[in-house]
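Next up: the structures, one after another.
In what follows, subunit A forms one complex with subunit B and a second complex with subunit C.
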Partner chain A sequence: MSSWTGGLSRAYHVLYIDVSDVLRPPGLDVLVVLLAMLGAILVSIQPVTSPIIASRIALDPTLIATALFLAIRSSAGLATLIQNGILSVYLTYPIHKVTVAVILFVSRVVIPSALILATPLATILILLGPTLYKGLDVILGMYLAFLFQSTLYGSIFILIAVRVKSQATSGILSVAAYFTYTALNLILTGIGGAMGNDVVRRVGEALYLPDIAYYAYSNLDHEVWQLTLVPTLTILVLVTYLAYMSRRFEVL
Partner chain B sequence: MTLPSRLLVAISIALVISSIVADLYGARLESSYKNTIPVGPGTTLFLGVSSLTSSGRVRVEVDGATNMYYMRLTGDPYTLVQQFRALNLNVSASRPQFDLRAGVVYVVALIQASPAIVQALSLLGEVIPVVQAGGSTSVVEARLATGDNVVVIVTEASKPVVNVRVSYSVEGYSRLTPLQTMLASLAIVAVATLLELARRRLT
Partner chain C sequence: MGIILRLSNVTKRFGLVRALDNVSLEVREGEVVGLLGPNGAGKTTLIKVSLGLMRRDSGLVLLNGLDPYVDPSARAGVSVIFERPSLPDSLRVKDLLFHVARIYGGGLDDVRRAVKLAGLEGHEWKKFSELSAGLKQRAAIAHALLANPRFIVADEPTSNLDPVERLRVLELIATLNRDEGITFLISSHVIPEVTRVSSRLVVMSRGRVVASGSPSELLYKNPVARIRCSDPEKLASMLEASGFNVRVEGYNVLVEVREGDYGALLELLTIASRNGVFLMNVDFIGATLEELLSSGDST
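Let's look at the complex of A and B:
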């Protein structure tokens, strides 16, 4: 029992140190002020009465900024930890390598995504409270859709970081991967629509979970499997990352 | 400062600034549209009112219409006009006018297909004839949820030009006043300060 709690305590210690590194000021602070302000301005310059639309207006630009934060601060930052030998120090802790990999995923992808995406929502909920409180469940659903999308981006970026182990290369490749993914979403949707191929169009649409969540809440045309594509891709990338970390990863 | 305190301060700063911007350039709860449109023989006037982000009540008044219909649709009325083109209907003019601050868009189009357009639209939903209430003014009133449209079609006019007046009032929208926002921001900063004091006392 004591060894289990000791392991948990050590894991928490590593998590705390790594979260403090990723979310250190002033980068996060400036980003969340700007994003919260942008989201609140966008929903208050027009009389948004729908919680679905309010959450989309606030979170669409936030997701782009979150993806760039994950690419530059989280993923490239992890490559820096590898280059500087700090990750070797993490790995000297009596914790399993996979546990360290999970901690890095939580501290560098899940927690930053959850916090950055939550800040504009909290701001608009205060500002437009009486209008939006009636749809808190919808707002939470849209938040989870954006969080899953962000987690998919982050898991791809972190896999790139541990593979290339170079700060600059990791940053560049992550940003390139983000824009490639976004372009793929648009291209498949466009080609599917132009050719009348419903499967291709739906796959293209399903690459962006917030759109499908929006369709689902608005009773627009969608298929249930479209809601599962992004979570499935996230799990696949995450399993690949954990497998790579446990079997093939070597510190420099 | 701890992470929760930093985030709370960020939210309070964002609230104050966005509240000032909203007060200066923020949403309007009323919107109107007026136009005088020539409707020749064989020409149909198509007027769509769509609530993009808001919900509210719309009132459309048309002077000089002999035959007028309306219908309710979901989706984008401008896309509908594009679809008329795809059906080989001759859309001679179309123009969307956005009122972003009221969250509504007005679309006016002139289509060279008087009887055919009513038949085409009846495939999409119930096309309801409008009975003139008195004089020569026909009135349509409807409540629009977000994303709803009301489409008014004038297939025949008693005059060479018809006058269209649309008024739209937003319903179900409210936001904090700048004073309330300022108080909320101060309360958030106070919570952040208390968190910091508690942390320093504990460590």
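Let's look at the complex of A and C:
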């Protein structure tokens, strides 16, 4: 076995152990059932035929639930992992700190986000299948936009967790960061619109990628750079998180 | 014997506090090194810096010849048992151990061997939180054994255990050192526990190494003989007359014994016995942690 595949195998087993912790019941299982029901109720109340509208109806409320799940289970959960010494155990394995950091990002942000956001989509595809199958590419595009938005929130949350290393503090700060970000999105959009400042308005809008994806699919007014703001911010936060983990992070 | 761990002039600060102050230390293959010191002496910090889990501000750390903070392969063949045994609780212990064995390139056979060596048989199907404190420590030891370690670092491995479990864990450490040839660095603030298994002691205080040597060199250099007898006042006066430094505590006579004094002491005890002093017990008490620290501070 080459060192590259050996490293990948080691990373897979650490990922398996950590994902088991993130997905342990109760938590994600209950949320998934509730969101599946919510998806079913929403599209029953408002049966739509447009894939764009259907995915927004299903995913807008789901993103809030995803953000709160990430704040509690991922951010506070990661801080707990630091506090109770399990992260120290991970770091004693012969794998690099950056690899551990990437594993934590995948297990605590990417996988839960992907699962939670996919749940209501699966429900509406079952219920409204014949009318939505023709727009599967649009639904997938909207799903990726929501997934990127969720990944940005999650990246911020785990950066908070590894910095403050306290379960309660990281949970509270993560929730506060989510509402601050959302408020910033609304305030910039509102101020930009009211003052007629197009740049500020567009920056405000671009902070919420699903809106821009919606504009793009609906041929509404948008600029291409607006599609890149959230992915760019995600990459910046991720690089900061990985750099912090590899250069500054210390266990308690 | 090769050197597994080398620290040279390592300093680590937390703000204004020097948790490690110019610490130098070596651990050689096959040794059991006991790291002694009161709470806050810097033992845990030294362990974390040695494993690369914490940055150092200055100095050199080489684990298996590599810097563990930079190169994770320095930790190959090195395992850790932390003070509070903590393993992920979402999997059953056996499943968790299987995945950890895979991290080290092992498999189920390694898990069975580690479970057997650690004395965890019959409990491996439970989750970590369902184990008693002693079994949690055994699970942590089984976890440590999966690395096929040449070197195990144990941070206060008996601190949360009852006396019976403490003894069992220490016996297990001694067995692993003797039969498997595993090198150990064990931290503790309880001298009798560490001396039970250690071939060498390193004493720390306020972030500095204040003394090091074999247990006999450090603890029994100037031991105190505690003699329990029927007439302590009479025995004490006999010993004092022969130049011994003596004090009486109840039925015990405490005598400071220097190197070369043993023969004279035994002769005096024989004479005292012939003169009607009934000797019930004689034992030698090693230095206490406080005495070690004060002797280290004075050097």
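Keep in mind that, in the parts below, the second predicted complex is superposed on the first by the 250 of 252 C-alpha atoms of A that agree within 3 Å, B and C clash if a C-alpha of one lies under 4 Å from a C-alpha of the other, contacts with A are read in each partner's own complex, and residues count from 1 in each chain.
Definition applied: a contact is a pair of C-beta atoms (placed from the backbone, for glycine too) under 8 Å apart; a residue touches a chain by one contact, two chains touch by 3 or more.
Since the structure is predicted, the reported quantities are computational estimates derived from the model, not experimental observations.
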item: Partners on subunit A (subunit B, subunit C) - clash or fit; value: fit
item: Touching partner for A:185 - first (subunit B), second (subunit C), both, neither; value: neither
item: First (subunit B), second (subunit C), both or neither touched by A:197; value: neither
item: Contacts of A:240 with subunit B and subunit C, given as first, second, both or neither; value: neither
item: Which superposed partner A:169 touches (first subunit B, second subunit C, both, neither); value: neither
item: Superposition-derived angle with apex at the Cα centre of subunit A and sides reaching subunit B and subunit C, degrees in steps of 10; value: 160
item: Subunit B versus subunit C as contact partner of A:37, first or second or both or neither; value: first
item: Touching partner for A:45 - first (subunit B), second (subunit C), both, neither; value: first
item: Which of subunit B and subunit C A:92 touches, first, second, both or neither; value: second
item: Touched partner set for A:122, first subunit B, second subunit C, both or neither; value: first
item: Minimum distance between Cα atoms of subunit B and subunit C in the superposition (Å); value: 11
item: Contact residues of subunit A, present in both the subunit B and the subunit C interface; value: 23
item: Touching residues on subunit A, where the partner in the complex is subunit C; value: 1, 6, 9-10, 13-14, 16-18, 20-21, 23-24, 84-86, 88-89, 91-97, 248, 250-251
item: Touch list for subunit C against partner subunit A, complex; value: 48, 51, 53-55, 72-73, 75-76, 78-80, 82, 84, 86-91, 96, 99-100, 102-105, 143
item: Touching residues (chain side subunit A, partner subunit B) in the complex; value: 19, 23, 25, 28-29, 32-33, 36-37, 39-41, 44-50, 53, 57, 115, 119-120, 122-123, 126-131, 218
item: Footprint of subunit A on subunit B - complex, ascending; value: 1, 3, 6-7, 9-11, 13-15, 17-19, 21-22, 25-29, 52-55, 100-103, 146-147, 170-176, 181, 184
